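The structures come next, written out as structure tokens.
Two complexes come next, and they have one chain in common, subunit A, joined by subunit B in the first and subunit C in the second.
Right, the complex of A and B next:
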């Protein structure tokens, strides 16, 4: 417990508890529409944390994270559709598949010491390659899409993850909370310290005996495994998968935007970013609806993101935590 | 007879590859000197295509004739983009620069969408269906003109970087940033100039490309990725490498389209990229960095 809460100021804990409480009771007070937005927010918060673990903690830039989410989604969906295997068993296969793919990309990248931008391009290449290959696999639905049978939305069948929005809300909320706890524990562990050493200065880390290859591989494996779980949830929530919308680079960018806006390398950055960007997108949709002009929403969206990068390059969390008085040497919780 | 088909396809792929190469030159110059990954690459080229389209539609100017104008407009655009948007984030981490360029790309795409709509539009020139016959070889006139023009523009760019004082100064900035500052080069101006030249190059490539394909706002990302593949295969920062990569990718994509399936040709390019990254990360003509 002390590893979990040590060093966090008491009013910070109180705020966290209040936020958690609000999120837990929220479904009883909000409309279906707001609930659906909140679900997407939590989904991005969860995947953002998975991505953050790789870039923010261990310093390895992946721009193809949609690949790991997509592999998990397609694996669990294929098991369910073709063999009737439910998501609770399927999730193990999905995570195994995602970790396998992640390890292959990581192994090739780190073994051949491909770094920085080049490693990012390698991840893009793998994601786009998978995009085209899945396009041609009829067993996975190909270009026409892969559909999960939708049963009625009234009864909650937790075993097969078939049911109402509220059920999906609590599943993704639990995942997001669990990921937060995991990230906090990892960041304060020996492993987390090795990662941060690699992130800050790879040569120095190697010089003092950090096994670069091993710890980078662990980071990729955990990050891709967490993403795979998100994929399972995604497949069963949306019930349809298309290669283009699952694996494209645009999707990868969408997954990481919130984290960059919230603050890469911070614990709460991915969550904060998701809570800002998704509602912002919804707001822009409503504001620009009356113009009846294609592209105007994306235009303002792009301006907002560019503005944040130009004026708050460290992300919003370090700034907000400063305002809230939370930034008193939270060990590991953010770059200086 | 089948051999004829392959030769014809290979030649037309090679000519398309020359345009790919010219477009990749724009990316290579910018990365080689400023070290920024221009993720708005394809989108800037699409702007060039739209300008060419407007000139063709309303003034009847042939796409090849509008190259100088498009190049000048994008030159200015590139200069301002580097000086006001890219330079302030030069000290940030890779992923922040990447995100900024991605945001710029989104802004450009949606601006094009608002102005021109989402439909594919093309420039139908009077000689669109002419072709030359050399023995068994049949070459489309537009493709030949397009390929040759790309070659000429690329040649001019080579000459500029090799012989002009400004070109040499820009290469100096790329080779040794600190050294360039020490000898008193105006690095800020030269960087902006580099981005401007890269964009102008893209504008020319876009104008030429409009002869061969229709333009729509969502064309950008595919060409961004394509240019990345070409530049990495050829060697980041190597100008001959970009042209070689362009020809290689253009030809092999065309052949893969005939031998395999047209929709699989991009997968072929991506596997080539993965192979080159693993076996020769500096690219075919690049110099090893470490």
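Right, the complex of A and C next:
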């Protein structure tokens, strides 16, 4: 517990408890529309944390993270459709598949010292060619899409992850909470310190005996595995997968934007970013509908994001946590 | 939040009540004060139809084109004696995730029936919401077969599935060859290598053998939809000695291919298009006389039907430079299904509406085929596709014969003999 909550001021813990409580009881007070928006928020918060672990903690830039989500999604969906294997078993295969492909990308990158933007290009390349490969696999629906059977269920079938959106809300909320705990524990562990050392100065880290290849590989494996879990949830919530919309670079960017806005390398940045960007998008949609200006949303949304990145280049969380008087030294390496 | 509760449809009232009880007496009072108003409005006023289209994002142009079908509907419905509809617009932003949230939003704001959403991925996510809420959803355009294979009770599709589109395309080609008195012995198959193009290429490979076509595919050549130069692809196709071109294109590459055909002095017997691009307004405007001749095999309308003429006239009045096309037709017909069902049901109750839609039998419609009826899966399986040809900046229908208004110009007039 001390590793989890140590160093967090009391009022920080209180705020966290209040936020958690609000999120737990929210479905009883909000409309289904707001609930569906909250689900998207939590999904981005979860995947943002998975990505943040790789770039924010270990300093390895991935711009093809949709690959790991997509591999997890297709694996679990294929097991469910073709073999009747439910998501709770399928998730192990999905994580294994995502970790495997993440390890291949990582091995190629780290073994041959591909760094920075070149490593990012490698992740994009893998995502794109996976897109093309899945396009040609009829067993996975090919370009025509892969559809999970859907039925109108009033009841909750947690075993097969079939049911109302309230159920999906609590599942993604639990995943987001678990990812937060995991990230906190990892960040405060020896492994987390190694990652931060690699992130800050790879050569110096190596000079003091940090095994670069091993720890980078662990970061990629955990990040891709977490993303694979997100893929399982995604497949069973949306019930349809298309290669183009699952693996595209645009999708990868969508997944990471919240973290960039919230604060890369911080613990709460991905969550804050998701809670800002998705509702901001909905608000702008509402405003553009009011003024009957289709498409103008993207313009203003881009302006807002550019403004945030321009005026708070480290993301919003370091600034907000400063305002709230929370201890930053224990949050992702003390980014200002 | 209370605003959203105010606007919830009457059907969802029971669920709100449960939640509101847990929220407290004050909220119950608020709900009790507003719910009866919702019910009265639902039963007595115009049917509130949520129209979900990709109005922004990569499919924005198509979504906005579909919207034209929405805009011209009220005047025609009035002439037909159909009830008025209150349209609530929703933008899916060409994104399935947003599509789902927007469907929730529209239902939350009182939509009693949904229409949309052009794209299969977006349509699937909306269908799930509609089914869970018990709100009828009439699909305007989406061709993926699984959408109506899920056992849905509230989802209806008045658009042909991908296998039907392909099958009808080959049948119509044979009809054109027969009426023209000759057929190409070989074709070069050029297609974009994006998701749509690849899916079509696979579909063509699978379906074509069943139709015993008179031609062989001499070569299959794929290209990037963003290509700026298609000279190599056209030269390669020309070198096969094929008599005609079979194409699956988008707009920009259709224009590029035509220009390249002219430059390389190759006038094939026919350009047989199995997708968009070659019949689009921008293609006709950009290429002028060079745009004449290509045949496109698409879900279309029967120009001889009375309602088609009305729709054409209404579109011409509203948008003089726009030719009636698939997007307008099927979006309009989705609303036609809604208005017809609302009239027969005499109620905006979603279950009554769904029952009425299931019994739809519209014979005075626009699209090619005997009319609009839905099978037990909610699919109109009687729809037919057409062959259309560009002629003097307009589009004429050349097959099937029962739904045609012109005979195909066959073979295509050579590019160097067009003045």
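To be clear about the criterion, the second predicted complex is superposed on the first by the 325 of 336 C-alpha atoms of A that agree within 3 Å, B and C clash if a C-alpha of one lies under 4 Å from a C-alpha of the other, contacts with A are read in each partner's own complex, and residues count from 1 in each chain.
Please note the rule applied: contacts are C-beta pairs under 8 Å (C-beta built on N, C-alpha and C of every residue); 3 or more make two chains touch, one makes a residue touch a chain.
The model shown is predicted, which means the values in this text are computed figures rather than measured ones.
Give one of first, second, both or neither to describe whether A:120 is in contact with subunit B, with subunit C, with both, or with none.
After superposition on chain A, A:120 lies in contact with subunit B alone.
Could you look at A:55 and tell me whether it touches subunit B, subunit C, both or neither (first, second, both, neither)?
After superposing on A, A:55 lies in contact with subunit B but is clear of subunit C.
For A:310, select first, second, both or neither according to whether it touches subunit B, subunit C, the two together, or no partner.
first
Have a look at where A:34 lands relative to subunit B and subunit C in the superposition and call it first, second, both or neither.
A:34 sits against subunit C, while subunit B stays out of touch.
Look at A:108 in the shared chain and tell me whether it touches subunit B only, subunit C only, both, or neither; answer first, second, both or neither.
A:108 sits against subunit B, while subunit C stays out of touch.
Could you say whether A:298 touches subunit B, subunit C, both of them, or neither, answering first, second, both or neither?
In the superposition, A:298 contacts both subunit B and subunit C.
Figure out whether A:135 sits in contact with subunit B (first) or subunit C (second), or with both, or with neither.
Both partners, subunit B and subunit C.
Which subunit A residues lie in the overlap of the subunit B contact set and the subunit C contact set?
135-136, 294-295, 297-298
Which residues of subunit B touch subunit A once you look at their complex with the stated criterion?
Residue positions touching the partner: 37, 85, 88-89, 92-96, 98-100, 102-107, 109-114, 117-118, 217, 221, 225, 228-229, 232, 261, 263-264, 266-267, 270-271, 273-274, 277-278, 281.
Note which residues of subunit A are touching subunit B in the complex, please.
For this pair, the touching residues of subunit A are 55, 61, 63, 108, 112, 114, 116-118, 120-122, 124-126, 128-129, 132-133, 135-136, 249-250, 253, 256-257, 260, 264, 293-299, 301-303, 305-306, 309-310, 313.
Show me the residue ranges of subunit A that touch subunit C in the complex, using the header's touch definition.
Residue positions touching the partner: 27-37, 40, 135-136, 138, 142-145, 147, 149-153, 164-165, 238-240, 242-245, 281-282, 285, 288-289, 294-295, 297-298.
In the complex of these two chains, what residues of subunit C are touching subunit A?
By the definition above, subunit C touches subunit A via 1, 4-5, 8, 12, 19, 22-23, 55-57, 60, 63-64, 89, 91, 93, 95-98, 100-102, 104-105, 107-108, 120-121, 124-125, 127-129, 131-134, 144-147, 149-153, 162, 194-196, 198-199, 202.
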